[in-house]
Amino acid sequence: MNHLPQAWGRPRDDVYGAYDNSHFQTAGPNQHTQSPIVTGTSVVAAKFKDGVVIASDNLASYGSLARFTDVKRLRKFNENVVVGFGGDVSDMQYLDRLLNSLDIRENYASADDPLNAKNLHTYLAKVMYKRRSDFNPLWNHLLIAGLDGEAKPFLASADLLGTTFSSPTLATGFGAHLAQPIMRRTIPDEASVEKVSKDEAVKLVKECMKVLFYRDARSMDKYSIAVITKEGVELSEDEKLENQSWAFAEQIRGYGTQTA
Amino acid sequence: MAAIFSGAPPQGGPGYSFTQTPTAVPSGERQHGFYPYTDNGGSTLGISGADFTILAGDTRSTSGYNINTRYAPKLFKIGGEGPDNKGARIVLSVVGFAADGDALKERLDTIVKMYKYQHGKPMTVTACAQRLSHILYNKRFFPYYVHAILGGLDEEGKGALYSYDPVGSYEREQCRAAGAASSLIMPFLDNQVNFKNQYMPGSGTGHNLKTKEATPLSRGHVEDLVRDAFTSAVERHIEVGDGLQMMILTKDGIQETYTSLKKD
Amino acid sequence: MFRNNYDNDSVTFSPQGRIFQVEYAQEAVKQGSVVVGIVSKTHAVLAAIKRNAEELSSYQKKIIPIDSHFGVALAGLASDARVLSNFMKQQSLSSRLTYDRAIPLSDITSRIADRAQTNTQQYGRRPYGVGLLIAGVDAKGPHLFEFQPSGVTQEMVACGIGARSQMARTYLERHLDEFESSSREELIKHALRALKESLSQDKELTVDNTSVGIGGLDESFVLYEGQDLTEWLDATFENREGGGDEGGDAMETDS
């Protein structure tokens, strides 16, 4: 399956036949989003025994153009929750404003009972599902990372169709292909979450970011990473990939003019 | 215009090069770029007995060739008390588009809870079954893309099982398989539950053959059938696997079990 | 003859700064049979006296479980209470659906308070003729809120509203210090004793005319009526003469 953001929500070619691209051409009013414009690529996240790590790079692409190189795609909601956004950046900014207003409303109503990660995931999933049901989707794939009502690690996803699922490790977009298998090697199930420390989880997620930078053409080596534990959120928005080794590139054969 | 900006197009679409961008407006109906459905794979099955009903479903959730998660339940208790649905006596299973399935589950659950609040007694499975049909039918022009199976015990204490199509046609049955591997499981069930194509040994040949009459099966036997059905489906269908969730409904309530399936 | 010109609607102040319609609504609360509520560190309990319109009729509903974490007790117009409790049920279900969260009690209380207040500021509307005690447990622990037709709400440690509730409140004030550390059983006993105080001399608490609702940490709100109360009533009033069921007669009814 094609996991590029552009293909999200489209009928699968193998099931529904070749996609009719006629709307790329047509002028005139376009009421609803039919395709994302400025996009962010993968978000990756993994649970560990005391919390969750989540990361995404700081790039916003305009098609194949690396358009904005300093876009933060992790959003801290409060001391319990971080939301990671893949997909359309303007829809991300809309959701950001929505979360701001929700936060303000919540703080007026009940100051010492903040929404936890589970609450926020349920809410965002409802927003996404409502918008897809109105044929006006928010073209994003979200990861919601944090702690639930019992202060246990919580990680779940919601996408533009309103589909939701939860897993010890999650990745959106290209990460679903490239990062998930790497993370599942260390954290295959809920039981193994208990055996992973914060440092191990951070190392694992950083390793995935590196693999994604090597292989995903719409990625970048500057990224944000957040760790959510009982102590709160540690969010760093200007990480740089380290220890890159492009030696493998020399071994690649078969592209372009190089034949031997 | 958007073609220039949208980067990698879907397979078979225009390439990156501007020269390849189609310039003529294609004729024919303009198609929506957004398709509001997807298939999350998986399979469910239900069998009713004399005084019990069993519902089962695998716990894998997929999109395309990806596994979203190895644990996403497809079985939901309906109309119990509080968030854990304590004391529920009805179970709904949904397979197909998971987001619609969740929305359907929540609507039915709310309705059954409100029924109890307003009438002071729990909703019967028969009533709940008909209500579910209406919910699906009311959305027939933008359907919940799911195959639902509802299980419980009827007013006489007999196992009750109802199966639905996405737009609300429903029927009470002895057994039903739904979802990705339904075409693999259903014939097995026809043979093993309703004894289709089974004849009494030594009753003759040709038209003299006597069919083996279907009789209610024991609970233990049905549980074995369910497990066999799923372990077999896992072998032959890539969207089925990871875990098997079962709910056994008896007069004493709902017993829930989880056993793992192959994760490949 | 004096005639009050300022009580025709609920939006006009009297020159003394009073809104008579709202005050009359408070009177309707005082006509309802008594309900009390108490909270401890771990539990919130409601207890109520039920009336029956006549010997042959059933008893009036006094405690309504709303969600698995809280319930309300009412004094006054039962039909107004039903409308409010339906609204509360909807709101708490909607909180569970949109946020997967048990609605905070302070939240649900202020939502009905806002509705009640609207009735005192829009022409052609009538204040709710009912007082409520909202008791249960949320993320912040056990709570008890009092709601009045004026839209005033208060969080309480213990509270009694309805006919002759002053006697119950006097009992509650006398034992105020004991509530916080009370166990579940002790809290129910206090509530029943407070109820008993406000009963006239010839009346008794019976399994027929009493209702108890209780919620606690890790324990959902449950309503106890009928035979479920026998043990508690016996334990609370050990020295009373053989359990009579003559308790319910000759009391005025909830309108």
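When the chains are written out, they are named A, B and C in that same order, and each has its own residue count from 1.
What we mean here is this: contacts are C-beta pairs under 8 Å (C-beta built on N, C-alpha and C of every residue); 3 or more make two chains touch, one makes a residue touch a chain.
Nothing here was measured: the structure is a model prediction, and the numbers come from that model.
Q: From the C-alpha centres, identify the chain that is farthest from chain B.
A: C
Q: Which chain, with its centre taken as the mean C-alpha position, is closest to the global C-alpha centre?
A: Chain closest to the assembly's C-alpha mean: B.
Q: Counting C-beta pairs in contact, pick out the pair of chains that comes out on top.
A: That would be the chain pair A-B.
Q: Quick check: how many Å separate the C-alpha centres of chain B and chain C?
A: Chain B and chain C have C-alpha centres separated by 45 Å.
Q: With chain centres defined as C-alpha means, what is the inter-centre distance between chain A and chain C in Å?
A: The answer is 49 Å.
Q: Hey, how far is the Cα centre of chain A from the one of chain B, in Å?
A: 29
Q: Residues of chain C touching 2+ other chains?
A: 97, 100
Q: Write out the stretch or stretches of chain C touching chain A in their complex.
A: For chain C paired with chain A, touching residues are 97-101, 104, 106-107, 110, 138-140.
Q: Under the definition above, what is the set of chain C residues touching chain B in their complex?
A: 67-69, 89, 93, 96-97, 100, 102, 220
Q: Could you pull out which chain B residues touch chain A in their complex?
A: The contact residues of chain B facing chain A are 1-14, 16, 21-26, 28, 30-38, 40, 61, 63-66, 68-72, 97-99, 102-103, 142.
Q: Using the touch rule from the top, collect the residues of chain A that touch chain B in their complex.
A: The contact residues of chain A facing chain B are 1-4, 6-7, 9-13, 16, 18-27, 32-37, 39, 61-64, 125, 129, 132-133, 135, 137, 157, 161-167, 170, 176-177, 180, 189-190, 218.
Q: Inside the complex, what are the residues of chain A that reach chain C?
A: Against chain C, the touching part of chain A is residues 109-110, 112-113, 115, 118-123, 126, 149.
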